[in-house]
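Right after this note come the structures.
Across the two complexes that follow, chain A remains constant while its partner is chain B and subsequently chain C.
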Partner chain A sequence: MISTRTSGLRAAAAAGAAALLLSACGGGGEPGGTTSGGAGGQTAKSGATQIVVDTTFDIKTIDPGREYEPTGQILVKALYDTLLTFADDDTTTVVADLASYQSNDDQTEFTFTMAPGRVFSDGSPVTVDDAVFSLKRLQGLKGNPSFLLDGVSVEKVDDQTLKLTTADPSPALPAVLATPSCGIVNSKLVQENGGSTDESDAAEEFLNQTSAGSGPYVLDKLDTASEAVLVKNPNYNGPQTPVYDTVIVRNTEPATQKMNVERGDSQVALGLSGDMVESLADGVEVESVPSATVVFLLINSDPAVSELTSKPEFVKAVKAAIDYDSLIEIAGRGAAQANGLVPSVFLGALEDSEALKYDAAAAQAAAQAAGATGQKLTLSFPNDIDPTGLNLTTLAERIQSQLSAVGIEVDLAPAPFATEIDAYRDGKEQIGLWYWNPDYMDPANYLAFGPGQTVGLRAGWKQGANAAIEELVSRGYTTGDLAERKTVFEEWGKAMNADGPFVPLVQPGSNVVYQPSVTGVYYNPVWLINVAGLGQS
Partner chain B sequence: MTRRSPTARLWRAIPPGLRQPLGLAAGLIALAWLVICLIGPAIAPFDPLAQDLPRFSPPGEVSFLGTDELGRDLFSRILAGARVTIGLALVLVCLSMLIGSLLGLLAGFFGRWVDEAIMRFTDLVMAFPTVILAMVTAAALGASLFNAVLAALVVSWPQYARVVRSIVLGLRGNDFVWSGRLLGFSAVRSIRVDILPGTMGPTLVLASLDIGTAALLLSGLSFLGLGARPPTPEWGSMVSAAVSHFDKWWLGVFPGLAILTVVISFNFIGDALRDALDPGVAPR
Partner chain C sequence: MSPASANPDAGRPPSGAGGGRRHSALARYVAKRLVIAVGLLFGMTLVTFCLTNLVPGDPVAAALGQRAADDPEIVARFRTEYGLDRSLPAQYLAYLGRLIRFDLGTSWQTHHAVAADLAKAVPATMEIAFGAIVGAALIGITFGAWSAYRRGLATDQVLRLVSLIGISLPTFWTAIVCFYVFYYRLGWAPGSGRLTPGVAAPPNVTGMYTVDALLAGEWRTFVDASAHLALPTLVLTLYTIGLLTRFSRTSILEVLDQDYVRAAKAKGLPGRVVFFRYVLRGAAVPVLTVVGLAFGSLLSGTVLVESVFGWPGLGSYAYQAASKLDLLAVMGVGLVVGLVYLCVNLAVDLAYGFIDPRVRVGR
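This part shows the complex of A and B:
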């Protein structure tokens, strides 16, 4: 009998171990917050209102000069004002915040006049010196966002004015300055706590514990693993009207986010995939729009990497082989076909009629002409990252099946992001499945896909590969007039669709799920949502 | 002495552990899985890689166990996955047994510095947490089923080496071994004729107990993206894909049940074999 019992125990232990291993492997971050919001974002305590926002954390720091991760952008946007900004859901027109600006005709000199009377959270005035210090600090820290102001010289003109100068025309600079990383810090306070405008700066730890901005909220508490608590800035005198006294942003696993928002434990959930949104319970609202993330295929033009992928016929075959509608179906709610590399929310995005089209017969013919028969290629992609909730492995499996249908055989080669990124950056992938999030809200971001540019080189697309597209890239960087700029980017987009080694696939949906009592939920490509703009009906 | 009926003789042939109702059920399940390994693809109602069914169809609507996020039939994928998971588990266990037994034999038979060198190396490998070491190895080698087996092999041979060494230490002092050596048997012949047969029983028990664990380890590596490459139907990677679709319960439950039943049933068989081969356990 003892033996029988041992057998049973062993079996039970094995079963338990199986469950444990799999659950341990799958365990994600639990909601770290202990504070529960209650439906509608109300708390009974002393009439104060609070709102709970669930998201998946990727915070490394909330020092504006150093942060460059989505969650960091949400928090820094609420804590620090910028010289310029974008209003609500508009992503095309820059408006004044801490300053108004004028530029010269060449778009090389930008003069900013500080708004009068604005103060930091400690009551001290926001001055030109603070703006100059903050922007020089961003450049000097050589952190992740420092590239935003590469080649920009910052100087104080007088007590009301500062001037930014660039060697080349920079029509995108105002949009860049609206990025939360360009937030203006209280220079006196930051310098007292080790801050400087070079790499000797030691203020990061201080800024992770205390905010030093003029934004509508101040930092009450930050735990980079679990939650951030923001409270209303009593001295805020800017154009926004924050409603909630306390904003709690919690690190929560997407499946838990869904349950929390459905039962009212949180008021806003930012991390739900298109598929999860499809099965939401009644009683919650969803803001579903195509995100500004573009998922694309890279087809290497370098014959040293692959003779086959470097053939223009092969690129044409792949572009025609993909059934874009079926990819949108996988991407779920809010997703749309990426008509070009510039996503739909930006100036110069292509119309639906200009998007790449599925044509199996043409794809088959082009694949045969390229000599794809009997050859096997590798499709590489990162498998531990889901841009805007879209699982790249699922997408890659669908693409593999569609390519196979027209006679192009690929092996899937998933790898962790940290491993695969090197092969991608070094231009070693035959075919890569990647995505691009905008760094700032201007289509100039996407010119990096041109020949000889950062992403172009990753596809082995060197300078001189396509003179017409290179001319458009150069015009894209320098054209200041909005109408002309729109035309240039549209022409560039069409030319890239026709001849570029990239296949824009989908813009996954951005799904912000919220309680019906919450108002002012607008998706922004850079800071996702503006928590200070959230209201209450 | 009475003559037994053929049925009774068959019953006696079954190891005692498997004669319990639970043991019998486990044995039948294990047998069923082995049969599925052989004929699975032939009885699958759909092509396990075809993406032509509706996505996320629940069990019973368009297919027996429903469809996954790409419209593939889950039942066909589980059948095809049996060959991958169980087949590779068997390969892994055989290789572990071979390498571990060989090192154990050498260490036990030759003793001295050979024993010291092999056993300290074995201790070194065993000092690392099994799953972590397998994960690190698989991550370093790159994601593929071959590499996953290699990574699992790195962590699973030491137990065989230790068991075999301890048996050899007990055997090598016996008179029959000494007699052989005095008759001029070479070391190889002595190991082959006198020592090896004595190690076979316990090693087989260990191996049979290990099949479930091996299946679990390989599925675990695939779950973490370090084993099977998509679109290979492997149970661990199927559970992994289900994680992002919590509300589609069938995606994770059925491949999970497949892993569970394989682990439990092979453990029962291991227990039964141990009872049958270990003279210390009285037959019941």
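This part shows the complex of A and C:
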């Protein structure tokens, strides 16, 4: 028996030793032994440089005509150029990329002149035909991003020029064209692989394996579960100057991202919450800014859903009952109060002085005037999704206690996103805690909260409910002059704070953690980070 | 000398006939198990389909973006494309029809064939699960036997405590602690993922990187893949060791009290012979069952460990599919996990037949 016991122990010891030996051989400190100089980008033995970006994947495809998820935006931005774009950290001014543009006075005709000499990754020139094909394909696929060009007609004028026309003034169109979904594809190559401008298109599989753009990088490998590998486009001749030969974007859970970037195994981490960056080790940098995500409360105006929540006094009570500063504490580093529904990064955002204020006495009085006598309401929210790292359950609990303090009692009704989204979209929630990410970099995104608009209807706020706000919505969609546009959105924001059935709460922080020697780290509301703009000091 | 003693084989059937009967009984036993397995497989598709469709929530809302879901034309197209515009029985029949051709449909999250997604995810998980179950079985059963043999002594108490700790610690917590200690603090283990960034995956044969690297003769890749494999395997092994130690100990203690064991001891057989020939063999059947079940649960229940180690396996895929109401992917995962359990149970059942003759003759 003794010998048996000994052999069992030997086996266990041998297994453990083998595992640790293999681990040690594997590198640990300097991963894989294939690279050196872990911090600030890695230099392979061949002399090529690579950078590892960790994020939590949300990706279905990298076909520009179909993609519409955050990770897809990061990758497509690096693979496909667009007609127009935004430079670095500027989120207000569109600049030329593959084309320059002019518009008529009433912003219904936009004429684009292609930049000369630009080529795709296979060396063929980027033409007007490619641009027309790409935009028509985006419209015709009827996929998630197709709505971006709803009501836009696209036509070729000549070999250098194309024209986009809309029935109504569309000052937001240039910003829309800067989204990665409007990336220009190599039409010949895509059509050879099943591409078309209608629903018969069958090029998605090809585009998930091979990029067909003129961007700074080309696709080397995509595994939607684990990683994407991009390599420098040898034929790129655009305005950017990509530094790294290889960019690896990995799917990693936030706690693991934190350890990876602190140890230098990754150079950039995109998924750390405000709380997590508070405890970062020395030796890494953080770019913390309020994100363009707006977390808000929806208070249903439909008496059929709730008599109580449909009363204006009740909405006023809720707006005054929230201690906004305490919510920012929960959201952590980088977070800020959402002064209005338009987040601070966009034209027309409200100043701090215009934000909603906590006033317990006013809230109590308004609650009594509304007839809130302790009857239970339901606060619904998705509990399996953390917009920009913010835990909605914690936020909902804090809101519940603050409302209770002024006599408004709510039961929390957390549910998985996939099940709760139905009630939200159908306008059946009494009070909802939700968030809104921008589809493109223009404040017109947020007009969806107006009466009779997409999100307004979810709050039971129908067309005709508030004529003054509807007038501002209409002007917001059509006003082209920048100064006037700014005024319109500010007026709209103030009116929404005063009379809208929404309570803008917080803009969670966007925290990009990176090695000190990495440069060019800028947060973007749509594509989060431009990996082609990352450099090395 | 009696006639019987003059011929020791008198009264026994000829060996060939006896062997034939034994083989025939075994064949009937195997055939019966296979028929049951096919029936279970069919039942499993029905149960998976029903459960998946009972989940509240519209997959369209989960799959499409907020703006696209407001466009009736896009919604109608989506429903048609995935057959969601048909009645549930029609959808089920269509699913069975595709299943016969080994087509599990297309995931509306990854836009890939579910079978192709599973072909990548399953080997990744298998790679951890195989290592974990082999290690855990070797160590756990050894510990269990040792603990039973030393019943009531200090060794027994220590092993019971260790196994209790192993079972009680949540695997995700163990995973985070192991990752923190061995990777972050000590730097002994590599970071997350199946390979170090920049190391190319070996040519795909089995989908298990260690095996594929060996087959391709890519030694550096093999070492790198093994190093990445070590920590997640260790975490799952630790949990399973606790389970197997406790169960083996209990089973062996039960057998130790059996009359035939006491009789063997009374006959004066050495303790080692009694333990290995009588006790361990008697305890093997229930232990084998638990090993099989543990392997199944390793394949289906590693989601949190995979999450910590950035391992793109079946658990991660299942979680993503379930959280986004990707019904075909959920059904695909359910089917694969069910199939694994069926195969493991079948293998265990067949092993019973070899280990314990009473099982194969139906006694």
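Keep this in mind: the second predicted complex is superposed on the first by the 499 of 537 C-alpha atoms of A that agree within 3 Å, B and C clash if a C-alpha of one lies under 4 Å from a C-alpha of the other, contacts with A are read in each partner's own complex, and residues count from 1 in each chain.
Here is the rule we use: a contact is a pair of C-beta atoms (placed from the backbone, for glycine too) under 8 Å apart; a residue touches a chain by one contact, two chains touch by 3 or more.
Keep in mind the model is a prediction, meaning the values are calculated, not measured.
Student: So which one touches more of the residues on chain A, chain B or chain C?
Tutor: C
Student: After the superposition on A, what does A:225 contact: first (chain B), second (chain C), both or neither?
Tutor: After superposition on chain A, A:225 lies in contact with chain C alone.
Student: With both complexes overlaid on chain A, does A:429 touch chain B (first), chain C (second), both or neither?
Tutor: Touch partners of A:429: none, neither chain B nor chain C.
Student: First (chain B), second (chain C), both or neither: which does A:250 touch?
Tutor: A:250: touches chain C, not chain B.
Student: Quick one: is A:201 in contact with chain B, with chain C, with both, or with neither? Answer first, second, both or neither.
Tutor: In the superposition, A:201 contacts neither chain B nor chain C.
Student: Thinking of the overlay built on chain A, is A:416 touched by chain B (first), by chain C (second), by both, or by neither?
Tutor: both
Student: Applying the touch criterion given at the start, work out whether A:384 contacts chain B, chain C, both or neither, answering first, second, both or neither.
Tutor: So A:384 meets both chain B and chain C here.
Student: After lining up the shared chain so the two structures overlap, which partner does A:330 touch, if you call chain B first and chain C second: first, second, both or neither?
Tutor: The first partner, chain B, only.
Student: Hey, what residues of chain A end up touching chain B and chain C alike?
Tutor: Shared contact residues on chain A (touching chain B in one complex, chain C in the other): 1, 4, 8, 11, 15, 19, 22, 25-26, 255, 384, 416.
Student: Would you mind writing out the residues of chain C in touch with chain A in their complex?
Tutor: Chain C reaches chain A through residues 55-59, 61-62, 64-71, 73-74, 77, 109-112, 117, 120-121, 135, 138-139, 142-143, 145-146, 149, 176, 179-180, 182-184, 186-199, 220, 223-224, 226-231, 233-234, 271-272, 275, 307-310, 312, 316-317, 323-325.
Student: Going by the contact rule set out above, which residues of chain B touch chain A in the complex?
Tutor: These residues of chain B touch chain A: 17, 20, 22-23, 26, 49, 51, 55-56, 69-70, 131, 139, 142-143, 212-213, 216, 219-220, 223-225, 229-231, 236, 239-241, 243-247, 256, 259-260, 263-264, 267-268, 271-272, 275, 281, 284.
Student: Quick one: in the complex, what on chain A touches chain B?
Tutor: Contacts found on chain A: 1, 3-4, 6-8, 10-11, 14-15, 17-19, 21-22, 25-26, 254-255, 258, 273, 275-276, 279, 329-330, 383-384, 386, 391, 393-394, 396-398, 400-401, 411-416.
Student: Which bits of chain A are touching chain C when the two form their complex?
Tutor: Contact set of chain A toward chain C: 1, 4-5, 8, 11-12, 15-16, 19-20, 22-29, 31-35, 42, 44, 50, 52, 60-61, 66, 68, 142-147, 199, 204, 208, 223-227, 246, 248, 250-253, 255-256, 259-260, 262-263, 265-266, 384, 416-422, 425, 439, 454.
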